[in-house]
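The two complexes that follow have chain A in common; it is paired with chain B in the first and with chain C in the second.
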Partner chain A sequence: MGRYLIRRVLQFIPVFFGATFIVFMMVFLLPGDPIRALAGERPMAPAVQAQLRDEYDLDDPALIRYGKWLGVLPDDDPNPRVLTEEQRAAGVEPPTGTFNGLLQGNFGENFRGDPVSDILGRTIPRTATLAVYAFTFEAILGVIAGVFAGLRKDSFVDNLVRVSTIMVISIPIFVIGFGVQILIIAFIQSDAPGWLRSLTDGWLNISWRDPDAPIFSLASIKAFFIPAIVLGSLSLAYIARLTRTSLIENLRADFVRTATAKGLTRSRTVVRHLLRNSLIPVVTFLGIDLGNLMGGAIVTETIFNVTGLGWEVLNGIRGQEGTVVLGIITFLIFIFLVANLVVDILYAYLDPRIRYD
Partner chain B sequence: MTDTDSERVKDKTGRARNTRAGGGGGSGDPAAPSLTTEERKRRDRHTIEKAELSDREIGGIGEESSLWSDAWDSLKRKPIFLVSAFLIAVFVAMAVAPGVFASIPPLFVDQTCPEGEGGCWQNPQYAELGRSAESPSSEHWFGHDVQGRDQVTRVVYGARNSLTIGLLVAGSATVIALLLGSMAGYFGRWADALLSRITDIWFVIPLLLAGIAFLNIVPRRGPLQVAAVLTAFGWASMMRIVRSSVISEKNQEYVQAARALGAGPIRIMFRHILPNSLAPVLVFTTITIGVIIGAEATLSFLGVGLQLPAISWGLMVSEAQRRVQTSPHLLLYPGFFVSATVFAFILMGDALRDALDPRLR
Partner chain C sequence: MTTETKSRDTVAGKPIDPDAPLLDVDNLSVEFRTDKGVVNAVNGLSYELEAGETLAILGESGSGKSVNAQAVMGIVDSPPGFITSGSVRLKGVDLFDLKEKERRQVRGSRMSLIFQDALTALNPVYTVGWQISEMLRVRGVSKTDAKEKAIELLEQVGIPSAGDRYDNYPHEFSGGMRQRAMIAMSLALDPDVVIADEPTTALDVTVQAQVMELLAELQKEYKMGMILITHDLGVVADVADRVVVMYAGKEVEQAEIFSLYKKPFHPYTEGLMHSIPRADQKGIRLEPIVGQPPDLAAIPPGCSFNPRCPYAQDVCLEEVPAFREVAPGRFSACHFAEELVNRA
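Moving on, here comes the complex of A and B:
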């Protein structure tokens, strides 16, 4: 197990650098002159342009820029970050040639001079909140639907779950999002009874407000209720199908027959023996999905005006903010890799039959 | 994503047949039952007979054809397969001949040409601004879009771009995956290590994010450009499937036999291993077509896919989104069509998996 763990972590490293390199090159290719865009309508003195280009390293070869961004090559610009408050107050000149990149925890800054880490710090909690709600929703409902379908194979419930999940998988998330919006609008415009209206009051937000209420507070749950359902719907379908398949496979397993033969009640057999074993693949799927949800939120965030990571990525691309896009994608890749690693380790604990060499 | 979801179900006809041929053991449950020796013998005899029977018709491919002809036999009877095949046929017809499709009388009650030739409602670009966002009527079933064009025509013409991109991407990703996956799986050792690590790198870059970031650079985005970018970031999971499929095949006895007879690696790969590992690849390719059609619509919706005046379901939804409160029909019809197309391909993939999954036989 120890050796396996070390090998997995070592594999993680080249994959992370390779992926960020590809994304870096992609963003580096962004057309147009961001400095020009910064100046807008007014002409900018060539000297100023040259200095800005130098400050953002726009004229360096791509590989050198990647090295500087990563922090394995020294940055030739002055770096005020390494100074303490007192030094700054005393007017000490910032040193040049320090290593100042991702490995030092610096994501760079956008062309307005805001550090990308600030943007990440502001948007990650929102997307994470959305993802956690979506995750809770899909995990609970998905497993329940899968269990009911799996225990009564070929029953009405089973067929309902099978057909509805494949439909949810087929409908692109932006169609689901707008479909939900249309339904809510129709509900609001209809003459629904008063008690139904007061019951749903504040829950049917199709435009998002109250951005930074603490997670799991009522205000926050209300604000994210609809977007979280839309975001979680796809994985809900996968989880229901996975649970169902896994349950049906295990229903015929020897240990279930043994449990029944011992005279255990049906509910005890199902909960203590069948479910425990059937949920292993579901748990691993859920682990990977937490990483996917963060990245998959682009469309949901756009439709419901949630100003989180996905929204910021789209904005960054439209505004040619390469460093912002790069920072966010890097963060998402990191989360995805960590989620995969955790799932692999979790698997070993959940299923001792798996051997690692 | 879909490889984790190994849904394996038999429909009623399949089960009935199974019970008759193999005795109780099957009973159609997806948990592949362990066959008794007697059952296995009977099944093998059945396969051999079939292979001999069909040998003459298909030109003596013999052994290899049994999986596919068996699969075809069970597919023909499956309602899921028939429904999805019918839907796909309709969408392909729309893509190939939208003009013909767009003048079928029940769909086009209003066949008038207000401005003569080229100014008919059957022309997807013909617009009457006065009828902007008009609701569905008995003459124009799906209503008019914001520009006042007939939405039935627009939706029918939208099929071509979606299907072109879906088929192109799934096809080229499969070719890349077959090449890299079979090399990694067959040669193993350092070739496998290298190719697998490269695949890992591409695998962790999220398809949608990469599509957005990359397509934004491309100034003129037609179906070819969109397809190229989606292929570049969409082949990795397929390569993993090919690789594992080849690995499981390469230690089989027939491969050892071919090697003992002096066949070279290329011959073994293309004549022996690949044809036998195609089944899971085919299933995944079919599902990929659907997934890519959804991805194209999403990218076009976000404004980084196809560009106007191209006709695409995603673009139609994107144009309609500001009117969602007042004219939901602008959004519902293209949304429905893109969902139905994706649905057809995913359903087809499901049916193929049921028929081709050897664990079920």
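Moving on, here comes the complex of A and C:
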């Protein structure tokens, strides 16, 4: 397992560089002029434009720019990051020609001069909170629904789960999001009884506001409640179906029959033998999905105005802020790689027949 | 040994009948209600098993042998499976009358089942030792005692360095060792009845004999009643005392094994004997029984063997032959059993 881990982590390197290179090319070869996008309707002096182009190396060949962004080619801009506190206080001029890219921990700046790492630091906690709530919601409800449906195949509950999940899967997520918003507005405008209003007070928000509260606090849960449900709904449907299918497959397995023949109680047979085995594919799906949720939040964040990673990526694309888009996607690639590795390790742990060496 | 003390005078708290046979299966019928119709897997099956006896149940694939075992254990998949008639009595106590909770006390502890394929019958995600000791742990035995007992059992069924093997997963065992572990598990609670459902079919021929020998040894040591389900009489010939031959979910012949071997009194048994190689009749050409095993969703009227029977007469198409004693100690369900007897 140790050697396998080392090999897997080493595999990260080419995958990471390959993926960031492709994304880099896509972002910077996009048609349109970022400087003009920055200027918007206002006129901008040609001299300023030229200065900006120079500062952001917009006229360099793509490969050179990728090298500088990565930090394997020297950057001709002044680099205050290499100065110590005292040097900075003493007003020492930052040197130029240093390596100052991703490998040095520098994600670059947007056109306003804000470091992308600051943007990441601000938005990642929001998206992560949203993803964790969606994950909790889909995992708990999805598994419960799948278990009840699978244990009573063809019952009312089973049919309900099958029909409702196929509906969620076939409706695009933005339709679900807007649909939920419309329902909330209709509820607010209706003459619902007072107790119902007070019960739902603070939960049904069509637009997100920063709760400024720690994760899993009530204020935080309330603020993210609706977006998390919308974000988790698709995976919930998949998890319910996956759990159900896997359970039904194992229900007739010989080892479940053995467990019954051993004189175990029904609940022990179901939990320790049937569920333990049936949830292996579900857990691996959940592992991959944690990465998916972080990256997949673009639509949900946009609909509910959650100013997280997805929202920032969309703004970045609109504003042709290549470094911002690139920084966020780089982070997401990293999350995906780690999630995949964790899933593989988890898989070997859950199913002893899997051996990596 | 266990905190739930096992009284030999009761079954699940019910008083036993000291004169009753150890296991008495009477007129048992099991059907599966499937989308394609009703499959009559077991149709009025009756047999008895005495303590210390080994009974072979012989029949082709699909004749209802495994379903019979599941019904006796009370583990038929339901739905689609339903027990539509009959009774199963352990020392006179009708198991079908028991509540599920009482039935559970019988399963594993008074009677246990050895499955055909230990690879699928053992849970792949737990160690072999854990699965054996689980039987004891759920009955209140402490973790360390259960482990000790499980290792002892593994030693008893001939697993070398059982202490280390305790922590192996099923896939780390060879086929023969897995079946031995399965046998160890079935003996964990010293049951009165062990049903072995084709325990050697999944094994290599050389290993088959060893496992069969082990079963015979243990049966004597534990003084239990054993049912050996098989489709190959040759495999169980040295071990079994008596044979019940099953066809289409029903018994068609029953006899002490050597007299059956000498002369079958039912055309189906005769066909089976001609279709398997026998050490004492080298050179005789093997003839498989003509025709297909019956479609259990449409069993022919009259004698269910009639489409394949070389002796079939008109009466066979209409009347179901009674299962009766046609010679001392010899039972057969054939209209013309006497003719077969007299041919001898």
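Throughout what follows, the second predicted complex is superposed on the first by the 338 of 357 C-alpha atoms of A that agree within 3 Å, B and C clash if a C-alpha of one lies under 4 Å from a C-alpha of the other, contacts with A are read in each partner's own complex, and residues count from 1 in each chain.
Keep in mind that, in the parts below, a residue touches a chain if its C-beta (ideal position, glycine included) is under 8 Å from a C-beta of that chain, and two chains touch if they have at least 3 such contacts.
Small disclaimer: the values here were computed from a predicted structure and weren't measured.
In the superposition on chain A, A:Y347 makes contact with neither chain B nor chain C.
A simple residue count on chain A separates chain B from chain C, and the partner touching more is B. Of the two partner chains, chain C is the only one touched by A:R268; chain B is not. When both complexes are overlaid on chain A, the residue A:G179 reaches chain B alone and has no touch with chain C. When the two structures are aligned on the shared chain, A:N277 is found in touch with chain C, with no touch to chain B.
Contact with both chain B and chain C is seen for A:R252 once the two complexes are overlaid on the shared chain.
Of the two partner chains placed around the shared chain by superposition, chain C is the only one that A:T260 touches, whereas chain B remains out of contact. Once the two complexes are overlaid on the shared chain, A:F111 sits clear of chain B and of chain C alike.
In the superposition on the C-alpha atoms of chain A, the part of chain A touched by chain B in one complex and by chain C in the other spans residues 252-253.
Contacts from chain B toward chain A in the complex involve residues 1, 4-9, 29-31, 33, 197-198, 200-202, 204-206, 208-210, 212-214, 216-217, 219, 290, 294, 297-298, 301-302, 304, 314, 317, 321, 324-325, 328, 331-332, 335-336, 338-340, 342-343, 346-347, 350. Chain contact summary for the complex, chain A toward chain C: residues 252-255, 257-266, 268, 273, 276-277, 280, 350-353. The touching residues of chain A, counted against chain B in their complex, run 11, 14-16, 18-19, 22-23, 26-27, 29-31, 153, 162, 166-167, 169-175, 178-179, 181-182, 185, 238, 241-242, 244-245, 248-253, 281, 285, 292, 295-296, 298-299, 302-303, 313-314, 317-318, 325, 329, 332-333, 336-337. Touching chain A in their complex are the following residues of chain C: 70, 73, 75, 77, 100, 104-109, 112-113, 115, 117, 120-125, 134-135, 138-139, 169, 171, 185.
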